[in-house]
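A, B, C and D label the chains in the order they appear, each numbered from 1.
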């Protein structure tokens, strides 16, 4: 069974999401979020996060991230994020566009996690100096771009440094569910209780069609988000068809079940690869993404066998493997078998 | 039967659209438009428009409009559109945002159609003068905001003035299908053959869930649109779920059938209202939208009876009625009956 | 004596301004406004305005206007100003650029003065509606673009409407001194006592080389102006050479003397033209600018005689005449004589 | 004699500059650059650069830099410059503001010079990938932020890499004259002959009051600069008062003489400090700026003696010394003597 590990965005949406959308599609509903389902989603997310939140639904992760951050920095501010973050590397200049030209500054740290010591140096840099961009916000990716997950302690270390210096904190939760299950904590613990002001609560990669929630804990930031969403062209007229996705995602623990499957498949994959001595695990996968280094020829062998994944973008031999809510266990096993065959073959050779 | 005439965005999506999306959701597909369905949509739209077009799918009409226009004007340019246009009145400051701060200038004209004589005065205004914004593009709404439809001659008069002065032409086709059926011409005739460079080919109001196509005839404008869509946060990862909507919309003439129904219902509604002497048709509906003035008390009577529509936003007594691909004929008839009852009642009083 | 009435920006700077700059040029001084003269200017302007003001010096009037306004509106806001204002007609898209894409809306009114009744309709329009730009600020030109001057009552009528609706008020005082002398009131009366939050206190047209002061009465708006000035590229390194201009301008009533001369020359000019029956005064000049309509042939006659002024931009026959702090009385008289000669000549013909 | 080495922007302007401005101030002149002096400056700069150039005068170095670059990159582009460059560190977010939100990326390299090998890696990064900012321009500071000067070979290495990849090249010449004299080459050799498309030809630090010239060699970039300057608020009405500064600066080799003096004073200063064993020259000064490390206590000793310079912003003990066209030789000698006294004192102690 040949499967693709290229990304979790190659899968479609879960069945119950489709059922919910189709049901919502019947009858009329007021547009632009003035419908019952949209209100219901806010209630559900408030319950989930144990906090009275404001919610702004959009259809892409980039929109969720940059809209959130645009409410956190003036155009002369700087936003600190990891140098390898999606925000800095994969969203074109959407960050600059939406913030009216703020500066996005990469911070280092192992495993694509912001190093709080490096962060501390930057948050206080040239504050009040009109010649320099003013540190205004920090954005944390949870899961990170290399598949690691910040522990609650690590999160709090970063938010502590940020808050002390008066910076706001955004969490890019494109893979929120995968991270949460990995930490086995509550959504509240991983967000506002850890000092997060807004989270981009991702759902698209984990089973919806195209639905992301900007969940605002620090409600002083909410007022302008409605205007910003509209002027960004991200206010859907048939909003209930976004809301119904999110509602289905939150119903009957679909979001947890989907993420649990993806994480389990990754655990299986990682465990299997760990038994193959020529494969090097670069960053231990804590959720549903793994970076590892394959021996020469193995990637080509696997690709030739019909598997799919990204390579060739990083150091020699490095590949990225991502599992999703729909990755079949047989596919994972087949992949490991195939890698093992390659190793056996080259051993003999 | 109580129906709502508030807008065509209160309906859901057509069944075949849902079927197509669910089918597309199965199996994996490359993200961000690198899938077969997205390519197929370009082919279908090229066939439809009898022209080799570039296509950029997005999920909102505002995004389609402002992205299109952002490729047509420098930040120091001006974009001319009707003073009553959606662009100027209902898209917040998305136009300024996406163009990097161009000026949007309202032009007058009866029935919300740009007057070519007034336009001509503006297109040559202060050209080359650094103190003044530079006329760069014209945006035409077809159907207009009051439900009228430009004839091909009217379109050509505007594009002629525009082209002579070196301006590019955008068409806001949020209700493209409704206009086309009203004119009974080909898509090519209503667009590039009439001098249009880019059309926002709307589908959401006419049967898809959330899918609009930026269709580019003047392909010199295409290159930057890919970058602009991404930095606007409008590049969907699961693009095939947009594409499949558009594909279904274009398949088996769904788009024409849906618009034909909406237009027919409006024709019925208008004909019925025309028989009620106290009702004044403000702008004859040429597609699926009508503005009329009701006698005192009639709006309240209809609303109390369970019908829905917008009023109170314009001159005293003016209401807007919009039909959609799902408006039931019984509902239209019931509405007319109810209005007639009101008239009869007040006559007796 | 042939003089030019094209604009008050064709003159150079007053002698005492040059002396002050040259003196300030000696010795070293800390850059970017951290010098004594800059502090002194703030003290002088605070005294002048009888109010503890913040001051931001820049070198152009456009910069003063758009920086001031950028602190008064969010990017999704609208700024209301007269349709004939400099801001809307002569500053390219600087307003949109500096505000991050706010909308600038023209309001009507006789003599290029905002009509408070028309304003009232606009300030409350669609407040809270994310689809529409949000009325945020009003900008008043004092002197207006046609040479009229708002009375204190007229100013207060506008600021009253604005404040009631929660809008901030900016005054474009490119010809502040000319207006003030015309009204014969105090600077405080014409600004903060009348409800103005920030004034662009112009000096360049009235005797400095290139120096304008953003004078902030509503100090909650000050904080961001320092950052905005820098990112606009308007923070001069050798700031004392701007400050010394402003200091000289404010010393020994230079600013009043210069404006008094300009206004007196215009009064003379207007009085003279009023005696020529074929000349029509369009808007009575209240400061140093006049729009009048000349009979056919007179403009050409005057231009041929060596006088200079703008015409041909407005209705047929309309010309603009501007006097400055350096306009010689003989020049004014010669102009009137020349016009009279023309009339006499055509009478005989 | 106590002198300040804080910056070359603490000095005033040269006498002949003042004489020229005062002369230009007499009589009337057309505004906004439509005067003879402005035209003359273009002619003079064309002669100086042995090339038919376009010239845009502005009054600050930040404006010159960011306007130049704004014509070289789309908003989704990236501009590569040294991590220590003024552009990245001292101009707030003006770069993002003027480019409509492009990304500014720091490149490493010794002595604040871009390393062409590192540059080469970046210029081809993710070209055509809509998810990533697109390398569009390179900005080189000549003199660099640490006082080093690129040799012609070094310049050509960078422009070669840039041009091969299709990137445009900007030179930040805030200290152009100081660099030129250091290299002893022609202005043409250091700019367009070396592959530079636009230079910010600085004059303010070297003897004018506030005048910088954007000199455009690649004239395809010129057209939009006029519009961009205006919308940035940088088009001076009394332009001749900028032009006359630049004309005086270019007349009788004032610019070379001034820079020669500043460079000579730095050479003297550096030579003197080199004889004091406890002082470490960090980057050998090639123009008029020097970074050196003073032994503990020496900076305080010099400051207490009345000298001025910046320290405390970099590594421990590091200070920056800048000479200008007006730095007196006695002051340099006094500084060296004072440093020597300190060393003698601490030796004895």
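Convention: contacts are C-beta pairs under 8 Å (C-beta built on N, C-alpha and C of every residue); 3 or more make two chains touch, one makes a residue touch a chain.
If you're wondering where the values come from, they're calculated on a predicted model, not measured in any experiment.
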item	value
Chain pair with the higher count of C-beta pairs in contact (B-C, C-D)	C-D
Chain separated most widely from subunit C, comparing mean CA positions	A
Length of the line joining the C-alpha centres of subunit B and subunit C, rounded to whole Å	43
Inter-chain centre distance, subunit C versus subunit D - centres from mean C-alpha coordinates, in Å	35
Touching two or more other chains - residue numbers and ranges from subunit C	75-76, 91-93, 97, 100-101, 130-131, 227, 230-231, 235
Of all residues in subunit C, those that touch subunit D in their complex	3-4, 6-7, 9-13, 18, 21-22, 24-31, 58-63, 66-67, 91-94, 97-98, 204-205, 209-210, 227, 230-238, 241-242
In the complex with subunit B, residue positions of subunit D that touch it	32, 74-76, 100-101, 130-131, 134, 224, 226-231, 235
Subunit B-facing residues of subunit C, complex	75-78, 89-93, 96-97, 99-104, 130-133
